[in-house]
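Below you'll find a set of structures to go through.
First chain A sits with chain B, and in the next complex the same chain sits with chain C.
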Partner chain A sequence: MPTLNLPLTEEPSLLPGFDETVLESARSGEHALLQAKRTAAYERYSVIPNPEAFHEEYRRMNPDLFRFPSFTRLDIPNESVEVASSDADEHYDVVIAVSPTGYRIQDRTGVLSQEGVNVLTLDAAAREFPNLLEQSIGTAMVADEQRKFLDLNGAFWNVGFFIYVRKKVELPNGILIRYYNDQAGTTLLPKLVVVAEQESRFAIAEEFSSPDGVETLCVSGREFHLDAAADVKLISLQGWGNKGIHIGEDWARVKRDGKVDLFSMTFGGCVSKMTVGCDVCEPNANAYLGGVFFADEHQHFDQKTLQYHSAPDTYSNMMYKGAVKDHGYSVYQGIIRALKHCVGVDSYQTNNNLVLDATARADSLPGLIIDADELACSHGATFGNLDQEQLYYLRSRGVPEGEARRMLVMGFFDEVIDRIPFKPLQDHLHSVIARKFGSL
Partner chain B sequence: MPEFDTDSQLVQDYKYGFYTDIETDTLPKGLNEEVIAMISAKKEEPTWMLEWRLKAFRRWQKMKDPKWAFLDFPEIDYQDIHYYSAPKQAVESAELDPELQKTFERLGIPLNERDALSGVAMDVVFDSVSVGTTHQEMLEEQGIIFCSISEAIQNHPELVRQYLGTVVPPGDNFYAALNSAVFTDGSFCYIPKGVKCPVELSTYFRINAADTGQFERTLIVCDDNATCSYLEGCTAPQRDTNQLHAAVVEIVALENADVKYSTVQNWYAGDEEGKGGIYNFVTKRGHCRGRNSKISWTQVEVGAAITWKYPSCVLEGDNSVGEFYSVAFTNNHMQADTGTKMIHVGKNTSSTIVSKGISAGKSANNYRGLVQVMDGAKHARNHSACDSLLIGRECSANTFPYIECEEDSAALAHEATTSNISEDQLFYLQSRGISEEDAASMVVKGFCKDVFKQLPLEFSVEAVKLLEIKLEGSIG
Partner chain C sequence: MAHLEIKNLHARTGDIEILKGVNLEISQGEVHALMGPNGSGKSTLSSVIMGHPDYEVTEGDILLDGESLLEMDPEERAIAGLFLCFQYPVAIPGVSISNFLKKAVDARHPEGKAPSGPFLKEMRENMAYLDMDPKFANRGLNEGFSGGEKKRMEILQMMMFKPTMAIMDETDSGLDIDALQVVSKGVNKLRGPDLGLLVITHYERILTYIQPDHLHILMEGRVVMSGGPELVKQLEENGYDWVREQASLPA
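And then the complex of A and B:
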């Protein structure tokens, strides 16, 4: 069978700033389990060829844009510090805040003191749950995929958390993780490992932010393990300042009757390369991948989704909606993959693009790789500006043109945003979109 | 060794699998500048043509074969192929070898004009040379030039020089460069200004000799306000070894011109174990150069062990239209990576893509397409629909559409589905007394209908029959 993977290199292929010396400093003083995991990830990372502009995946986003030589790995002390709180904090049970000087885990409603919910650093988790961690770090991804940046994060992460929710436990308000970086020329490498036991149910929101004008790089890596009938939602809001560069890799493995929703909201930074993958690996597992992006002012976003069906009777649905204007450039690449004998798969991909002016560009590359029959996989992609007839209708009802256009754009995005479980986050997204759309 | 039984299932499956034993004039295996010079000398080509070939050859030597397609086949040894093979008689005299005549009768190709279907003018290419073209006189009266490309190079060098390589440049891709260096025959059509071609033009390609490659080159030029419809068919004998067919087809449509190009590709596809068969690596491209021009591709791909083919349209003239209708059927161990490219350059251009893939057995069927709206292509329109049907659990169907949009006034829509034959439909037909196999065949024919109805009548009937034969035994 032909493969989409590149041949591994014999000489180590390392990205600037991420070599063995840096690995040693990351490993120093760590728990042996984490050290071993870093080494294993490093071994994979060093033989996967460096991304090149002529590789299919990077043809529309030159990897030089990530500017690795201009950044050094941030050394975040593994200690709890005071971090300024935010207005959003009050809506959640647990708030994790990360800054270049350290982190803080704040239990706002006392859920952590009860049995069944653990939110702790990877270092603490290695001492408390060594067996569980051994099984769940670096294992969420499908084995035959080749993800250089996930392994880079696995080897060099500089802040890592472990969220562990026991059987039948539900979190009413969820967990917020805020990442903030104001150190110019540094790379943040956050790692997150989530283990959801049977029938647990919770949501995690993530926010990335930095001041405008500060050049930062972020390589994020997240792994989700959902046991039978678990229900987990992740909402990731990429809101870096205008000089931020973001690379993200999310992978979820979903077992029988489990359901994962992965939302990726991309608005900030100048360059963003986001990959979201899910493997629905037991019957009746379900995944929803939602995406909203808005590229303007020369922003360049690339989003990739991978819907893996490695078991019969599994479901996935994906909806990515984006707008581009003012020299913005968005790329969507997606693959649905149904492995051999995985019958009864039902999978869908939708990518809708609003091209709001002639300087912007949107590319869409949905793909289906199907090795089984008795299934239904499909995708749809559309491109266009706002519908003139709808605009005319609204104006004929006395709605001013600017307001009518704003309404149509909001309606376009609401198909995804309405599914987000946090009302405050929905409002926040609406205000971000309104701000971006503003000048039209 | 068991004796080869001519009534075996194999022969029934592929009735064009026979081999004609005739004397041939074959160049030794291998590819170098000397071989190219020999091919050129055999065709009595002018020096500019030889230089053009050598330039392409030097480009080709620096290129690597493309690996991005979802195809799996062993490395091809390009030095182990005969680049030229021609039936001796056809070269030496204008009289047709009776053996050859018989071959074409068996294939159902009317070479003799008296028996010819009145509506079709035909050029027949046997291995590396064209062995006869029909209806030439009648076409000449209208000023239409329809002949083999070798003849065109000798008789109409100014036209060939003006258009050859302007749509698919010699260095376009690995196989196009190889073809430009060693192409042996193919058809040339020129429809002058304002002429509506009264008959369908058709070329029939046949590979006969062993270990040869066929490198056809077809060039179709439709001048202002002209229209033409062109058909292409292909077959080859059954062999255990793989044979290479690397073709280039170029179409130029000038102002208000309308070109329709239809193919029924039925190369030998290898046996049930995947042994033998033709490697079909083809570059086909049309260029809508003038305003209001239209190019329409229709293809029915039921043969070849491996197909690598992307008939494309460059829509440069304002208001130009591109169409692509395709049925690709794969069975046993066949692999197909096929699709189209629609490149919108001019204003108000529109394109339609309808692709139907059917995979059965252990085959792999890929759709790969590009819709590109360049900056300035105001009000471009595209609609693409790619549907795949899976028969059996061992096959695969993949869809890789690429869409690039640089215009806010564009409206593009793409949809793709992959599924198996609906149980409900089968049940309904069976409950009406139709056998399972017939029911499945009806569903498949219905699935392909959008494409078949684009074909000229005779071809449409042939395509339906072909599909029926190919489907036999793959259901149930």
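And then the complex of A and C:
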């Protein structure tokens, strides 16, 4: 037997600030169903090894970034409070706003008073839809994966919502969820569970923000269950202030003829680690994973995707586009997985990186694990600065150099941004990118 | 009256000198053709005039209306009235044609922003004239375009930007006869007292559609012969060998 020269693993330990005492306080007064779910997540979480540098997934990150000695769990009261409005609110049917003092669910267009749409806290959902919740929490994730931070969120979540849309119901303007945290040294652990019945159709936008200079941690967990021919889009915009740390896990399970679009937009914070996975588990299920990220000023963004094909004739397309400059560092790792009997799979994985100066770095590790024949899977990654011939072409048409560069950067990202169903969010993304891009 | 004057132009890329003393003058209202065998420096000349960063001018000058272009950026040359119809236009996915054209038209507008209504009307009319599908306006610039579509796109830009001096760099290469006719139709519409035109080509065919007033032959980085349209026929019948002999260049 050859021996692998790996360092010895320490016993899996618990992150400081997330132990049984804190778990008990999270469970206290809660519906038994949620208590049981927390305990189950905690049991998994406590045996999964901590991130170490020799784990492939963390090889390009400093695992010390994931020890969080100084963060405590934010105790968000489970009560509705007044939360300041945002200009963005008016574009949506329902707005959920979360702050350290509580949450507010606002039904702007009256959709919640009609049959077919429920947006409620997990606590309320446990009382109203116990069976559905029992089936949906902790079950969207792909089998045989171990996700420590998803289980951390599952055990310790401190604000949770359930979105349930019935058969054939469509939401014209969608749902916005805004998270805000201005409490230094605290951890927000938002949980979102989405159940889309047959042929339902809606989109959810999420925004995260905090003031610059305030150290915050967020461990987000989202699960999506799409029944036959449901069409659900999630657009998540991570815009934490410059001292934010973000860890996110998104998992979707898509049934026959369903279509999920998971957009992950990463701009803020100092460290971000996003994982997005989808299981297209019945024929003709389809997933699109779109990513836009821009790391500068020593930001470290890490993103991982899993396109999991567990049924024949399933489709997925992943496109992550990122830019790095000014000591920014980004890592993309992705896998397309097709199980043994899954013929007729059609799957793409593309990661394009703009490396805008020599101080910045982008790593890309696309990969395929294919156990089936007769399918089409492809992956590719590109790196480079702005294309000099494209720049020259625009300039030769009279477009000033700065404007030409801006157009090329926007054009680069628009391949993903154009697919976002919310125009105000597109405009917002453009302005964030323009600000980051500056005068390069 | 716009006037382009190329004086003893020497240019190189890397260590290779490609232009070795080009002299050429074009006035507004005139159509000049520039022909020459492969590798004679035709495309380099157009790149140098437009200000491609890969080329370095080592001697001589390029003057537009008496002012040297050499210190000007490509965008300044374009605003000064110069236009280059690229032989191989690049594709720019994500930058739509209408957005691109608007930005370029804005750059020429005295207030920095052209009114949208008239701009869109003009764009649609010009596209119709060039038999282009109006839906193209929303597509990425040259993204997935055929050779013919790319060249129409070049002509569309020329119609929108209204240059005083245009260079067409082997616009005919890779075009079938139908596309060539459409492209020539566009060029001939622009032809007139307001436009000076330099048609660079490898083949005589395009010159039957866009008839030049003058023809120049470029060989080994220099204009070795200039004449009237009758030169076209001579080249067609006899090739370049006799020119080479007359210019006392080695075969």
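Here is the rule we use: the second predicted complex is superposed on the first by the 426 of 440 C-alpha atoms of A that agree within 3 Å, B and C clash if a C-alpha of one lies under 4 Å from a C-alpha of the other, contacts with A are read in each partner's own complex, and residues count from 1 in each chain.
Operating definition for what follows: a contact is a pair of C-beta atoms (placed from the backbone, for glycine too) under 8 Å apart; a residue touches a chain by one contact, two chains touch by 3 or more.
Treat the numbers as computed from the prediction; the structure is a model and nothing was measured.
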Winner by number of chain A residues touched, once chain B and chain C are compared: B
Which superposed partner A:Ala372 touches (first chain B, second chain C, both, neither): first
Chain B versus chain C as contact partner of A:Arg397, first or second or both or neither: second
Which superposed partner A:Phe413 touches (first chain B, second chain C, both, neither): second
First (chain B), second (chain C), both or neither touched by A:Thr216: neither
First (chain B), second (chain C), both or neither touched by A:Gly380: first
Which of chain B and chain C A:Glu56 touches, first, second, both or neither: first
Contact footprint of chain B on chain A as seen in their complex: 1-2, 56, 340-341, 343, 353, 355-358, 360-385
Complex contacts: residues of chain B adjacent to chain A: 68-72, 373, 375, 388, 390-420
Contact set on chain C toward chain A in their complex: 50-53, 73-75, 77-79, 84, 86, 89-90, 92-95, 99-100, 103-104, 107-108, 140, 157, 161
Chain C partner contacts - residues on chain A that touch it in the complex: 387-390, 392-401, 403-404, 407-408, 410-415, 418
